Amino acid sequence: MATHPRTHFENDRLSGDFGATRALSSAIAAPLSDADATIQPMPDASPAKWHLAHTTWFFETFVLRDHVPGYRVFDARWPFLFNSYYNGEGDRHARPRRGMLSRPALDEVLAYRDHVDAALAGALPDLPSEALILVELGIHHEQQHQELMLMDMKAAFAENPLAPAMWPASPQCSGEGRNPVSQDGAAGLRPSPEHINWIEGRSGLAHIGHDGRGFAFDCEGPRHPLLLAHHALADRLVTNGEWQDFMADGGYARSEYWLSDGWAWVQAEGAAAPLYWREGAGGWQRFGLDGLQPVDPAEPVCHISYYEADAYARWAGARLPTEGEWEAAAATLDPGAGNQLDAAGPVRPLAATGSGLRQMFGDVWEWTMSAYLPYPGFKPAEGTVGEYNGKFMCGQFVLKGASCATPRGHSRASYRNFFYPHQRWMFSGLRLAKSL
Amino acid sequence: MATHPRTHFENDRLSGDFGATRALSSAIAAPLSDADATIQPMPDASPAKWHLAHTTWFFETFVLRDHVPGYRVFDARWPFLFNSYYNGEGDRHARPRRGMLSRPALDEVLAYRDHVDAALAGALPDLPSEALILVELGIHHEQQHQELMLMDMKAAFAENPLAPAMWPASPQCSGEGRNPVSQDGAAGLRPSPEHINWIEGRSGLAHIGHDGRGFAFDCEGPRHPLLLAHHALADRLVTNGEWQDFMADGGYARSEYWLSDGWAWVQAEGAAAPLYWREGAGGWQRFGLDGLQPVDPAEPVCHISYYEADAYARWAGARLPTEGEWEAAAATLDPGAGNQLDAAGPVRPLAATGSGLRQMFGDVWEWTMSAYLPYPGFKPAEGTVGEYNGKFMCGQFVLKGASCATPRGHSRASYRNFFYPHQRWMFSGLRLAKSL
Amino acid sequence: MATHPRTHFENDRLSGDFGATRALSSAIAAPLSDADATIQPMPDASPAKWHLAHTTWFFETFVLRDHVPGYRVFDARWPFLFNSYYNGEGDRHARPRRGMLSRPALDEVLAYRDHVDAALAGALPDLPSEALILVELGIHHEQQHQELMLMDMKAAFAENPLAPAMWPASPQCSGEGRNPVSQDGAAGLRPSPEHINWIEGRSGLAHIGHDGRGFAFDCEGPRHPLLLAHHALADRLVTNGEWQDFMADGGYARSEYWLSDGWAWVQAEGAAAPLYWREGAGGWQRFGLDGLQPVDPAEPVCHISYYEADAYARWAGARLPTEGEWEAAAATLDPGAGNQLDAAGPVRPLAATGSGLRQMFGDVWEWTMSAYLPYPGFKPAEGTVGEYNGKFMCGQFVLKGASCATPRGHSRASYRNFFYPHQRWMFSGLRLAKSL
Amino acid sequence: MATHPRTHFENDRLSGDFGATRALSSAIAAPLSDADATIQPMPDASPAKWHLAHTTWFFETFVLRDHVPGYRVFDARWPFLFNSYYNGEGDRHARPRRGMLSRPALDEVLAYRDHVDAALAGALPDLPSEALILVELGIHHEQQHQELMLMDMKAAFAENPLAPAMWPASPQCSGEGRNPVSQDGAAGLRPSPEHINWIEGRSGLAHIGHDGRGFAFDCEGPRHPLLLAHHALADRLVTNGEWQDFMADGGYARSEYWLSDGWAWVQAEGAAAPLYWREGAGGWQRFGLDGLQPVDPAEPVCHISYYEADAYARWAGARLPTEGEWEAAAATLDPGAGNQLDAAGPVRPLAATGSGLRQMFGDVWEWTMSAYLPYPGFKPAEGTVGEYNGKFMCGQFVLKGASCATPRGHSRASYRNFFYPHQRWMFSGLRLAKSL
């Protein structure tokens, strides 16, 4: 993350961002009971309560403890519980057992948040710039956890046979999502691959990576040149309807479309549809933050693994974009536009509207065919806070853009999200690309 | 369980027992938050909320649904969640995922209890005798789950690094427990194996098994004769102090004391002390319903597996009792005496007092060397409710007596508790025996 | 095993038994290539080469090394490889990795056998009686491994898609086996449960266990009294034809017939037929030491687990015998009669012939419903050689009789074979029993 | 692989290469017994017999069966056994069970080889060019399996407590290896990181990938431009001596040097040294094709995982090279030089000699920090034979160069070897790089 001198104006902005971010986390957690906030559906996911406490621990530890003389830690036993992966901060509770923490209760964690928020708000005007940088980092860190909270609660509620909705379905939103292709008339309700418009991308010399102006995570830099071959990107995301065509064509049963690891994954998981899809009497449904709802063929497909994205692209005679191709195409787009998270609610990807290169930011994170590896000259951030992005540069793929669950303002063209190829509980989808 | 004609007096007793049993379950759950009641520490254990609902489902299904015309099921989606193992009652939620049920909330489950209690109390006077039998069975079933609730909550809280106490330690109780050997003077604070008095048991023809008078589970009968060889039983349970001698003598590190399966278990688990024991600066502590407390050398050792019990007995030059030896010795004892569960609270085994054959009922369940197998002529109870005890007659060992967590009145000499040899989250201990 | 003074006559017998036993092992291994003798199909099984070496190690270690001054160990590195479970004899190679020992080669192991055989034959006349006892133990030990060799090679060859036969099918033997019911005429080719004759067993006081005359393993004693309830035993084993009726009736798909652990095993294994059965175009085949052959409906069912035996018995409205019932019935039968192993070849169970209580010794080991536990007053044999039977008295069930792969003369009425309830690579079957 | 017209001269060359390659495989297998050639030490590895048969199956299937009219398959049951991963060729025997195939015997497999060799030699002069391409592919395919055979036999023999040598140690070779630093005198017996000379690499525009002249695997192309940042490569490989410094500095115990996945691997494996290293009374030894030998500090470290290579580089303040950096530096070097496989024998990496950029081809494969992913415009080869390289482009890293076990002539600058980051049974090592 970049370091630079700050002005009063920036301090005010930071203070505002801090407050807004902290409030959004609380709003996301508002529908949750203590029990809802405690359970952990799988080792990859964390309880909502843990997210609420961990993000608070980050501010408490790296800002208040380290930069605010006289600050008293809220509870000396809690850092062991709410440290995530920072070895430099000592031992910690085993990740797969986070769902065992019925204590502290949600109320106590919320009190912890209030305590730290008050202390930090009070201290903010006088914090040295190296601490302000950590506040900014903490805000972006918490935004990541906001998306994780939505992912993890969806995973948790999906385990419940009662299929509870975290929020009621949003009618207008549903309306938008369900009927976008109705103008096509009865003969063409479902978009098909023929409807893709291919947009030629920049080729030759390009630059990607963060340029150091404004906040970015360490792994986004350094900005560097690279060469792009002739290629084109689809103007929109792959839809549920198209995915059903893939399924109907035996996509999950034909090994020729799958990577070797992907085929092994299909067999081991019995995968036959995107995560959270369930076949019922009335056709396919998908579980979401608004409970069980029919699969909308016009919406972008979501909750797919890299293996699935790659297999679909082969089936479609195309491929996934590279990180460079995607970023070059996104460079002039507004990263704050699109279907991103503005307020707590039953977010979901929405059907494409308009024309041109659409859905680049928002709706779903887009799998690229690029491995998540260091850029030339990459150096992890100094100190314990640097114990993160660089540690994961092995075996994962980059996803670009943002999803409907990404807090608006969090992402940018250089943003590098990353997951293992088998994971799919995040809001992940795909856009096709092809070499020209 | 025996069937027999009932009188008004018995109906009143049943009604009283029903109310008292249902109230005790609620009292046990009273210290729990919604989150506490939701988590599941391991597949063998269930959330407290699940126990509260499952016992209620039992009455709702087998009594109200089947015998009370017009009864409306509280929530038609819940039987899927709260059926345990009765295949005859249809599919059910997977046991290892019971901890995912943040919904229904604890309050909803308590409302379910109220609903069923009211319906059953109203219906009781008019129930046919075959339904009354099921009410009685349901009461005994719920008593089993009361003990399970205490076991499972202990296991759940033991997972929390904060080591929360379910109840504050009971001072007088602690007092009793900690000083019973203080009369021995400074030279003899710790009982040692030399202090065991051996009580010769009955040999030759004996009868064991339930005789059909009063309630019993199907697996306790039929009553049948058997031959007992010359033998003696220790007059008391093995203590924590004695167990520490075993540990100090390398008990967990010397394969010669262990069954082959037991030795494999020691290696795989890294077992080096009873479950819930933790070594700290001030010596050994044990986690209990009253949190972390010092190990009291005079109290009976608790939370040991069959493998441990068997290894200890070999080390001590003795063996475990057989089921027949134990039951013959207990036949004339009062099964309602001893340290058993009278009210919700931080139960724990207590040091032996008095003389003679002590601690036979209460404190800890006693491992026998008898496999849990059908008695000659055993027939499972008819119908779905018979889908239980008989299904588990394979690979488990019988434990006799009762523990400090067993509701007083639940057990009797013919009672057959059973667990797999590796399990130890129940209140299990041992009494030595020897062949003469 | 019993100790008693020996005569010259006995020494001669021992010498003869030793030679015959050693020769039979070699004959069993004769069809094997070096590679055949090296592979290990699963951790429960051992390579043939290992059996050949381990039985030799037993004589070398406990007789030659300990009792023959000046004996030089054949290869000082081999005891580590060929010790099985005797902790008293030091560390050893991990059992699941026995299949990695391509060296020493089969020829070297056979040379080891020759070396030890010559040394032992030379030493035998002068061995002290405590060593002669060990020779006798070693002979019986090797007989056990002869049966294990047959079991383990069958398991190994069953893994090969080429389905190699260890020996060609024996035509006359096949003839006997396939047509025994042809006398019944066209209307009754397949025996059905109705054809069972029930033979009432002894009830009241009986004695079981070895009386100390002649050789026995430690676990067979002490002889002791017990009480038997009224019961009857089927006069013959359950057949393949009857098993197919069970399968046709949905036996493997109906949970009501299965123990809880058994049902979990069925699900986990996808069990739908006895081990080694394969369904082909022409119906069911079974893999055997003579390769793939049609399932003969008149032959006893073989290679079934305890779970399957128990489920079948419930389906048939019967139960398994107890160890005591079986042994009391067998007490006056000749343990050396029946279809047992006389010479290396494609042994298999054969259809019952004659009348009365048939097939008690030979054909298949018979599952009993008795857990393998110590008899009253049981003491393991002293020293390292006692580190065996007693170590396994947990979680296993007793099988009685003998199989077609048991060396004739090895078994007796008091013999206690034992396996875990899920195991079925041994020659195991069942005889029905019922309470009267 | 490139297609191009062929001349008589080329046919002769192909015929010679075919014969030489087939002969080398036999020579590698010559020290093996039937049992040696049968065992499989882990699912990643295959038995030597399988390699010998599979490479033969490749020629039989894709050349003889498809292009030689009238060819009769040697044994119709064998393709099921010896197909590896070609789904297009039908079902196949499960890879982890390859070690169960004691039949066919090694002799039969060698007869299979002779049969196919004779048929192919006879057919070669008349084969159409599309078949000749497959012959050439088959030769390179067999060369890969020659290295795999050496890797897999090493892994198999390493499992044997007797630590058998496949070949006796080569004295002159050992001499070379052990004393190369002795000229340095007493003050400098062990090379240390200070002795590395850094050689600046090409920066700016470079081209990598195969240019289509001569044979290459499909994944090596298309040749394409890329930009290289300023960097330098070490002039030699990291040595065992340097690795011991890393170990002595707590390298395996300090999480700060490890990727997150790498640290988890260290914990799970208990990794504390390269594979095949064993600590004994006289210091570290390493198991090799010549048995157990002392670790030579001057030889390149070998049998390390990506995690270890990456951790070492961080510890040394450097990084691994990228694929592009390595290939650009190697472009003008002779890929046929260096310590590569010329004849069957106890190959092992050797200490660096001379000066300049050394050890680029031979000794050990060099881990790069580049993920194994398709080059821009990559298309898998058509047909079943294309079912290979492209299927594995997920989760693996590229290794460049060649090892002492790579048949000389097999590798080239564009060669892309690939393994998962946890694997280390191949001859893998590392060369340091740094950004300038």
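By written order: A, B, C and D. Residues from 1 in each chain.
Quick note on the criterion: a contact is a pair of C-beta atoms (placed from the backbone, for glycine too) under 8 Å apart; a residue touches a chain by one contact, two chains touch by 3 or more.
Chain identities (UniProt): A, B, C, D = Ergothioneine biosynthesis protein EgtB.
Every value quoted in this text rests on a predicted model; they were computed, and no experiment measured them.
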{"item": "Other chains in touch with both subunit B and subunit C", "value": "none"}
{"item": "Copy-to-copy rotation for subunit A and subunit D - C-alpha atoms, rounded to a multiple of 5°", "value": "180"}
{"item": "Distance from subunit D to subunit A - Cα centre to Cα centre, in angstrom", "value": "39"}
{"item": "Interchain centroid distance [CA atoms averaged], subunit C/subunit D, Å", "value": "47"}
{"item": "Rounded Å distance, subunit B centre to subunit D centre (Cα mean)", "value": "60"}
{"item": "Interface hub residues of subunit B, defined as touching at least two other chains", "value": "none"}
{"item": "Chain-chain contacts as defined at top", "value": "A-B, A-D, B-C, C-D"}
{"item": "Subunit C-facing residues of subunit B, complex", "value": "85, 87-88, 205, 224-227, 229, 255-256, 259-262, 306-307, 310, 322, 369-371, 373-374, 376-377, 387, 391-395, 421, 435"}
{"item": "Residue ranges of subunit B in contact with subunit A within the complex", "value": "33-39, 41, 77, 80-81, 93, 97, 99-106, 156, 159-162, 164"}
